[in-house]
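Look at the two complexes coming up: chain A is in both, with chain B in one and chain C in the other.
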Partner chain A sequence: MANRFLRRFATLLLSLLVISLLSFTLIELSPGGAMARYVENPKMSEADRARIAERFGLDKPAPVRYFIWLRNTLQGDLGISFMTGRPVLTEILERLPATLKLMTVSFFISIIVAIPIGIYSATHRHSLADNLASACSFLGLSLPSFWFGLLLIYLFSIWLGWLPAGGMITPWFDPAAYPLLIRPFVIFWEHTRYLLMPAIVLSLSNISSWSRYMRSSLLDVISQNYIRTARANGVPERKVVYKYALRNALTPLVTLMGLDLPVFFAGAVVTEQIFAWPGMGRLFISAAGNRDYQVLMGITMITAVLVLLGNLLADLLYSILNPRVTYEG
Partner chain B sequence: MFRRILALLLVLVMVALFTASCGQSSKPQSAEPLVWGMHTDIETLNPIFTESANEANILNAIFSTLIKVNDELEFEPYLLEEMPVVSQDGLTYQFKLREGIKFHDGVELTAEDVKFTYEMKMAEKNAVPSRLRWERIANFEIIDKYTFYITLKEPDITWLEGWAYAESMIVPKHILEAEFIQGGNELSKGGNFSRKPIGSGPYRFVEWKANEFVMLEAFTDYFRGKPQIEKIVFKVVPDLNTMLARFSIGEIDIYDRAAPDHYRQLLKLQEDGMPIEVHNFPSFMSMNAIFNMRLPVFQDRAVRQALNYAFPKERFIDVVLDGVATVAHADTPPMSWAYNPNLKEYEHNPEKAVQLLREAGWKLGEDGVFAKNGVRLSFTINTNTGNPVREAFQEIAKQEWEAIGAEVFIQNYEAATLFGDILRNLKFDMIVLGSAAGIDPDSKTLWHSSQRPELYGTGQNFAGFSNQRIDELLEAGLKETSQEARVAIYHEVQQILSQEVPYLFICFFNSITAVPANLENFRPNPTLAGNAWNIFEWKLN
Partner chain C sequence: MVNTLPDILLELKNLRTKFKTFDGEVRAADGIDLTVHKKEVLGILGESGCGKSVTALSIMRLIPSPPGEVHADKMELNGVELQSLTEKQMSKVRGNEISMIFQESFSALNPTFTIGEQLIDVLMLHQRLDRGAAFHKAIEALSLVQIPAAAKRLSDYPHQLSGGMRQRVMLAMACACTPSLLLADEPTTALDVTIQAQILELLRWLQSEKKIAIMLITHDLALMAEIAQRVAVLYAGVVVENASVQNLFTKPLHPYTQGLLASLPLLEAECERLKVIPGGVPNMLSLPDGCRFHPRCPHCWQICRQEEPPLFPQNGSEVRCWLFAREMK
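Moving on, here comes the complex of A and B:
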């Protein structure tokens, strides 16, 4: 087991190396380059451009820059952002809490809504509600999030005036202005009202696909022999569904959710843009637009590490949880 | 028992929410800050490194410049007692600072700080975007605490203007010197100071949350008296449709540099009774299509003129820009003192375009496209993706030009590719860009033949324009000190440009900014100083 684990770990390191090389090459191949933003500036001389290129090490050939980047990264230094002049890690850590907050909440909304819909659809197959749920999930999958986001803003911010149209918190929000007794509720509401709309927009496609998945997976299980046996033995229908079927039906859904997890870190570009949410998606987009390869590499590599570690962990857990699965290194 | 506790909790929550909402609405109006919406993120608040218009607006509130350029485009002293005195030979400027100006930490601003700002701009291997105007300084001499002389290497009539903009704001020596020494004699664009700036302007820095907002509060010891508005928040709203929505419900108070297609909707809000004022004012921003004159097809002046005649500039402005722009005939905007109102104009006239081409020896081929000596009138128009105004230009131009016998393709790239590759490496036939003029009409980097990038890798003469008379005029214009003589020089420059049309000059944009109706002293400023230039005078009634 330990041997296998070591072998697996070595593959992981090798994958990371390959990923970093590929990403760096891709960024390098995209035309324009990090100095593109200065081309049109009439106030800059060629000497100005050369000085800045030298300052950020952009005057060196790409392979050299890759090895410098690799050496620094191995020492835990992800480099400096060309946009802000600050360490890449600082930039990432500053956006991470906002992204995690939004992603976690939308993840839970998705689970809470998708699973009951899926169960209901499966147990009331071809009923009106099931057909409606099908139609809604197709709609949900095909609605572009910028459009749905603007729709929510028009509905809840402009027309009803219930929720703020963007941002993460009121900049001048001061909990001390409220009596101690209600302060926790005020703080809770202050965070919730900004969070609701972007979280709903993000959940929409998850709810749509997960509820369909839940439905078909549960139908699969229900048609199996042991369920028929349970029913034949007179086990009440509720118990059949919730105790015997649901548990087995959830396994593939959990795998699907696990695959969606890396998105947590990467953020949601469009939704963050519409709702002015200060998360990783915005950082990534402006880094891509400015060809800030240090930031791009930083985000890509951290995401890659999370995905690979997540997979490794999932495999290990799976073999522990399910004795029938033997772990192959 | 459990139910009882639950019920009690629910009641508590309801009471809490109710009182919370009451608490919010009973807050005095004056405690609400003024919220300025900006649609791009900022990178630094250290004026040494700044390069964006958004940052300039915030920096105007935190820092001070030696002089200001007002909304009438006149210079006035700001940190200075009076406008600097220039010596006879045009080389030495004598500056005198006002006494008793304080930084936000209470330390007085002196000539030492000005000199330090200059030294930081020129510090070795830093990331300052442009040092052109700082490199012109030959000597900086401090006479006393408030007086200093600056001597230039050679006379330059345009040099003083730069002191009015964000890049020349004065930073505190006593704070930054430590950061400079600590950084190995190098300041970083992302250093401590850039995230926690200390200036001498009307507002103190309070908080900056990346991609979210910057909050400032009134500085009590500001040298022109504490400003009346207590707090100002600059909020990032990256999506312009959301910006308009948030402006319409009062989440954003100032919608600066609004999208042209939002102008009518803003007016509608005003008509519907929203207490706002929509400012519509000429700007120094223009939109042009650059001919690549290195290509045989565009070497012929007749072709460039014919394409000018065949493009309906006025209809474009009406339809695409809601009419909030002015037709351009050359590079200098109408509000400039050097503007020449009597230029060759190209009214929309497709017949004349065809006639011009025929006279120049172009013949309509069997494929319906003009050709001359084996060169077909066929080319591609490039611009950056995601710019609806420029894309609309391309569509209209393609339609109109194909109607007179040209073959036109459209190919767009994302900004970094367009600027970093297509423009920089001169890979275009025709490229649509915006450009910003300065107050001074000098345009040497655009038109002088030495400024063609393929020669020395320097300059913005992307058209590849080369004209001996223009070269002479532009050089003379920089040496001449009398404004009258300069007017004559730049009138002739514009005359030649409108004849030779190295660009298809399309239009000068108007800027649109919507503000609360009760915001007093908001006077939009079309220069690089930006609309926050006099933020210290603003009042809310």
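Moving on, here comes the complex of A and C:
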């Protein structure tokens, strides 16, 4: 068991190294370059530009810069943002909580909605509700999130005026202005009304795919011999499904959830942009626009670490759900 | 002959189990009549696909519908019509009054729950025991099927047990509530010979000591001779011969039964080719007209091709063959 996780950890470090090399290369290969935004500036002389390049270490060849970056990163220093001049790590850590808040809420919405839909579809196969769920999930998978997000904004913010179109909290929101008794509810609603639309947009594709996956996984388990045994021993159908079948059906879903973490990060980039959510995704887009390569690398690496840790967690959870796994290590 | 075993436990009349498939309707059981008396072992003999397991699953009401469809003129256990029970009532009958064990001991136990959990669940369901009492009863049930260190085994997962052990655990689960009827669907097929003998011994003990009637489904003639009192031979969804085990082996009546017995390898016989019944099991989608066995029958004559024979009584046995029609008069 310990050996198994040591090995997993070593693979994790190796993956991070490969990811850093690949993303550094890709960023290097993209057109423009970090100095591009100064080139058109008529007020800058060639010497000014050279000075800037030297200051950021951009005068050195790419492989050298990679190793400098790697050395600094290993010491916990992700570099300085070309745009703001502030440490990349500080910039990211400022934005990370917002992204994690959005992602965690979406993750739980996805689980809470997808699993019951999947169970219902599997136990009522080919019923009207199952077919409807199937149609909706195809729709959910095919709707682009930027379009769906704009549609929600149009409906609930512009037309109905129920929810704010963007942001995370009203800047002048002051909980102290409300009586103590209702204050927790006011705070809760203040957070919820901003979160609701981006979280739904971010959950949509996962709800669609996970509910379908849950359905087929449960159907697969229900046709197994051990489910027939449980029925033959008089276990009532509800218990057969919710106790004996569900645990077996959930194991592959947990793996899928782990693998889908990058989908959340990628989705967050788009969703945060639409709803002006002050998270890492928006930072990423503005950094890409400004050719702020240090920030891009920083976000990529932090995301990679989170995704890999998520997968490790999914693995751990898998071995808890499935007692046979521990013996294969 | 029938009068020596007066107490009827299970009476099955004209069981018809159909499956709707894309290629047409498969009549897996096509009018099966069976009677099981209290405390007896009834053997069900037949080739693969002749409707043995389907009959057992129909009695348990475990045929999935759709595509299955079960109808019998009578299906009474201790005078109670099983077909008229609600699903909830039926789940109280399963495991409590009728139990079933299966041949696939590898896949017939839930891999994600311990043996104890699965066994205790069944006990708590049927005997209204609390967890502690069920725990002790579970140890008792495992000891009954001669599992050594039963208390320790309770916390084992199925994959930690051998095939023979798993089959015993299944037996323990099925017999934990001392049902009046045990349906054993090829319980020894997947086991090696020494383990087969032990399981057989257990079945015999359950029948004689615990007074559990057993419907033993098998294609193993030797096993049948060992343990059964009466035998029903099935062919293509109908009973072709009903006989005591002595009659069946000494005076087989139906040409199919004769063929089966003739195909047994004999130790003392010269090393010659084994006899086979010519032809193969008929396609269940398009059964031959008349007697279903006539294309393979060495005694086939005119009427066999035109009309299906009823069961004719003959020397205390019953046989579905026109050869015995004359003797009826």
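Definition applied: the second predicted complex is superposed on the first by the 286 of 329 C-alpha atoms of A that agree within 3 Å, B and C clash if a C-alpha of one lies under 4 Å from a C-alpha of the other, contacts with A are read in each partner's own complex, and residues count from 1 in each chain.
Following the convention adopted for this analysis, contacts are C-beta pairs under 8 Å (C-beta built on N, C-alpha and C of every residue); 3 or more make two chains touch, one makes a residue touch a chain.
This structure is a prediction, so every number in the text was calculated from the model and none was measured.
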{"item": "Superposed partners chain B and chain C on chain A - clash or fit", "value": "fit"}
{"item": "Which of chain B and chain C A:D77 touches, first, second, both or neither", "value": "neither"}
{"item": "Partner chain(s) touched by A:Q224 [first = chain B, second = chain C, both, neither]", "value": "second"}
{"item": "Chain B versus chain C as contact partner of A:R247, first or second or both or neither", "value": "second"}
{"item": "First, second, both or neither for A:I52, with chain B first and chain C second", "value": "first"}
{"item": "Touched partner set for A:R291, first chain B, second chain C, both or neither", "value": "first"}
{"item": "Comparing the two partners chain B and chain C, which touches a greater set of residues in chain A", "value": "B"}
{"item": "Touched partner set for A:L181, first chain B, second chain C, both or neither", "value": "first"}
{"item": "Least Cα gap, in Å, left between chain B and chain C after the two complexes are fitted on chain A", "value": "26"}
{"item": "Common interface residues of chain A - those touching chain B in one complex and chain C in the other", "value": "none"}
{"item": "Residue ranges of chain A in contact with chain C within the complex", "value": "224-237, 239, 243-244, 247-248, 251, 321-324, 327"}
{"item": "Residue ranges of chain C in contact with chain A within the complex", "value": "60, 62, 87-88, 91-96, 99-100, 102, 104, 107-113, 118, 121-122, 125-126, 157, 159, 170, 173-174"}
{"item": "Chain A residues touching chain B - in the complex, by the definition given at the top", "value": "30-33, 35-48, 51-52, 54-56, 80-81, 83-87, 91, 94-95, 146, 150, 153-154, 157-158, 161, 164-168, 171-172, 177-179, 181-182, 185-186, 189, 273-276, 278-279, 282-283, 286, 289-291"}
{"item": "Contacting residues of chain B [partner chain A, same complex]", "value": "12-13, 15-17, 19-20, 23, 27, 31-33, 41, 43-44, 49, 51, 125-133, 188-191, 194-195, 207, 209-213, 215, 231, 233, 235-239, 241-242, 245-246, 248-249, 251, 413-424, 433, 435, 445-446, 456-458, 460"}
